[in-house]
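Common to both upcoming complexes is chain A, partnered first by chain B, then by chain C.
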Partner chain A sequence: MNDRLDLKIVFTGTPGAGKTTAITALSDEPPVVTDVANTDVALAKSKTTVGLDYGRVSLGPGRGVRLFGTPGQVRFDFMWKILAADAFGIVILLDNSRPDPLSDLRLYLNTFKDALDRSACVVGVGRTESIPKPAIDEYIDVLSEFGLVLPVLAVDIRKREDVLVLVECVIALAEARADIE
Partner chain B sequence: MSPLAHWRIVNNTGLDDEARLNACMLARPIQFDALIDALSIVEKDILESPAAPVHEDTVPAALEAAPMHVALMSSVAATPTAAATPSFPLLLPLAQAPQAIPLQPQPPALPHAIAQSRVRLRRWPPADILHSSRHGLRLATFISARWLKIDELKLLSGIQTQDCSEFLARLHEAGLLAVQADTASPPAEGMSALVTAIRTDAASASPAVKPPAAPSEPRPPAPRPSASRGLLQALRIKLGLFRGAAS
Partner chain C sequence: MNRFDSNGLQTRLSKAAASLCERIDGARVVVFVSEDGFEIATAGRESVRADRLAAIVGSLGALGATAAQESGLGPVGCQIVDCDNGRLVVRRLNVNGTALMVAVVVGTSTLLGLVLMHLKAIEGVDDQ
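== the complex of A and B ==
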């Protein structure tokens, strides 16, 4: 009998949006990362994730929440669906300073369309203070195009409390969708 | 209507101004909400106690005597004059604290018909509505995922009916609520009946956060629990998140 009981939350989103940072903020242990030196001049960062990030929040013997971060770049998109399989929560992290962040959101919504039917999904948008456009309302418009009503929050992923707010939303969504036991 | 005030009490002994400011900063959502919840309970006890009445222009004697500064965080007055609210320093000596600074207008009343119906978000609310209630994010998240009556929302979220009602009223006023007439079985009484009602409603919840179906449309099949409630609650405890939800 398998006495392990794990949940899985996947952090996905554009390169540099803070997926590794979010997992680091939550994980009990330093996360396993697969960062390598960045060769993409479009990314203003020295390292980027090419495989996955992994962290874990222990909830007691055999119980915990696994935290996975997807690689950001689209050429690694084959990893996205693999990691999202059986996730109870998906956090989409976007970067408002990207050239077309609304298209980024559309990309992730299309990619995770099937997973959204069974996972609690939240959208976090970073760098809205320095780059106010597009406004959060425009992200909500994009979700409406897909017939979705999801939490969309401006976040500074460097702040642990902002990461916790995203997780809070994931948990609340999961609670709302679960039957009363 | 009696004004209510939330007081933040700061022990400033031995601290310079900057350290004192840092000391009184609370991180949302954990410490801040927990403190406000605790103070709300104390405040209610004080207001209801005949031995220690609180009037608009007085504070409890115990506070007056204490060697501390009081920072006025927020207050609610009877008239919605938020635009005229003067700015004031974060920390004020007790004698200089304004008596009643209105911050928000009175919340709109929730129409009775909506209070008796299941509701769901049409669209994620803008930040000003979301933050009009300290539980706005949590409440909006619940009704973004499924149709809920106000009692069911209270049971699932662990948030008081009054807070639920006020927030739903704001959403309704902004046109963000879809309303579904209650077609469930005849109402029963008590908590078990409420749980039964929610179980019944599980059959009406959509399998994902799809836009609300029109009331006349058939209800989609029930979602199966995607995660153990016990684990979710354990995760809340581990991360120090709001723990009001039913376990």
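== the complex of A and C ==
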């Protein structure tokens, strides 16, 4: 169903952070996925997204969000730029169990620098319960290196309500920015 | 690193890429690509960032397959990007149970049918 008031929110972040899982958890309908067999021995997963994910969630009468997911690997950064174009908001998903999640955040902040100038952004960090370090405050410190003040939330991306909080946070942030401007 | 590096398939595909490049008049570059966008073997007469092209072909292949599925068109054989200055032709292959793609960049003077014929002929690359 087409809806003129739909917003476009892009989920990006590291491989394995749960972008496809998040969109699957939140979408009202089965999402479009482009997962294929993973051949990268450095990546401990059987399937990986190489094109995009797409789903849609209704937020009430006449209001919905189109959810786009990017591939995580840097070799697909051309898809990041394509998908981030004209995005209303961006969700950066990170995985606390990765070797250096703070560097991961820096990579995405650098790559999405232009998009972050025009789109609201929220950072979601997964697996914080099993791997508590780095702490959320450390992510906030990295954002401040870039002159950014953005919400950073610990999330379990498998839970629909956690993904919905990220989306609602992006929308609230965009509305607050619009009020200021 | 991907798992094609050490199983001998890369060597066979390198030979196949060189052979294709030679047989297709006007071929600028031939790249064999894993389904998840890794360059496995390349041959070509022009300097192209084969790793970048491979990743793009990986995305293109997945998007094409998904679009075909959504449209009820069945499995994808070929994808063609037809441009002012040439074509990018991508064909799906199954080598020993492994899904791969081969991408060829050709100029405007190259007959599309010729490219398709040569790409179809390499289905048995693993038997070589």
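One rule holds in what follows: the second predicted complex is superposed on the first by the 165 of 181 C-alpha atoms of A that agree within 3 Å, B and C clash if a C-alpha of one lies under 4 Å from a C-alpha of the other, contacts with A are read in each partner's own complex, and residues count from 1 in each chain.
In the analysis below, contacts are C-beta pairs under 8 Å (C-beta built on N, C-alpha and C of every residue); 3 or more make two chains touch, one makes a residue touch a chain.
It should be emphasised that the depicted structure is a prediction, and the values quoted were computed from it without experimental measurement.
A.B. asks: Applying the touch criterion given at the start, work out whether A:32 contacts chain B, chain C, both or neither, answering first, second, both or neither.
C.D. replies: The second partner, chain C, only.
A.B. asks: Applying the document's definition of touching, compare chain B and chain C: which contacts more of chain A?
C.D. replies: Touching more residues of chain A than the other partner does is B.
A.B. asks: Taking the superposition as given, does A:88 touch the first partner, chain B, the second, chain C, both, or neither?
C.D. replies: first
A.B. asks: Between chain B (first) and chain C (second), which, if any, makes contact with A:52: first, second, both or neither?
C.D. replies: second
A.B. asks: Give one of first, second, both or neither to describe whether A:129 is in contact with chain B, with chain C, with both, or with none.
C.D. replies: So A:129 meets neither chain B nor chain C here.
A.B. asks: Just chain B (first), just chain C (second), both, or neither: which does A:75 touch?
C.D. replies: second
A.B. asks: Using the touch rule from the top, collect the residues of chain A that touch chain C in their complex.
C.D. replies: Residues in contact with chain C: 32-42, 48, 50-52, 71, 73, 75-76, 78-79.
A.B. asks: Can you list the residues on chain A that touch chain B in the complex?
C.D. replies: 5, 7, 26, 57-60, 63, 65, 88, 116-121, 136-137, 140, 143-144, 147-154, 161, 164-165, 167-169, 171-181
A.B. asks: For the complex, which residues does chain B have touching chain A?
C.D. replies: By the definition above, chain B touches chain A via 27-30, 120-124, 126-127, 137-138, 140-146, 148, 155-157, 195, 198-199, 202, 205, 207-211, 222-229, 231-232, 234-236, 238-242, 245-246.
A.B. asks: Quick check on the complex: what are the chain C residues that touch chain A?
C.D. replies: 1-4, 34-38, 51-52, 55-56, 58-63, 65-66, 70, 99
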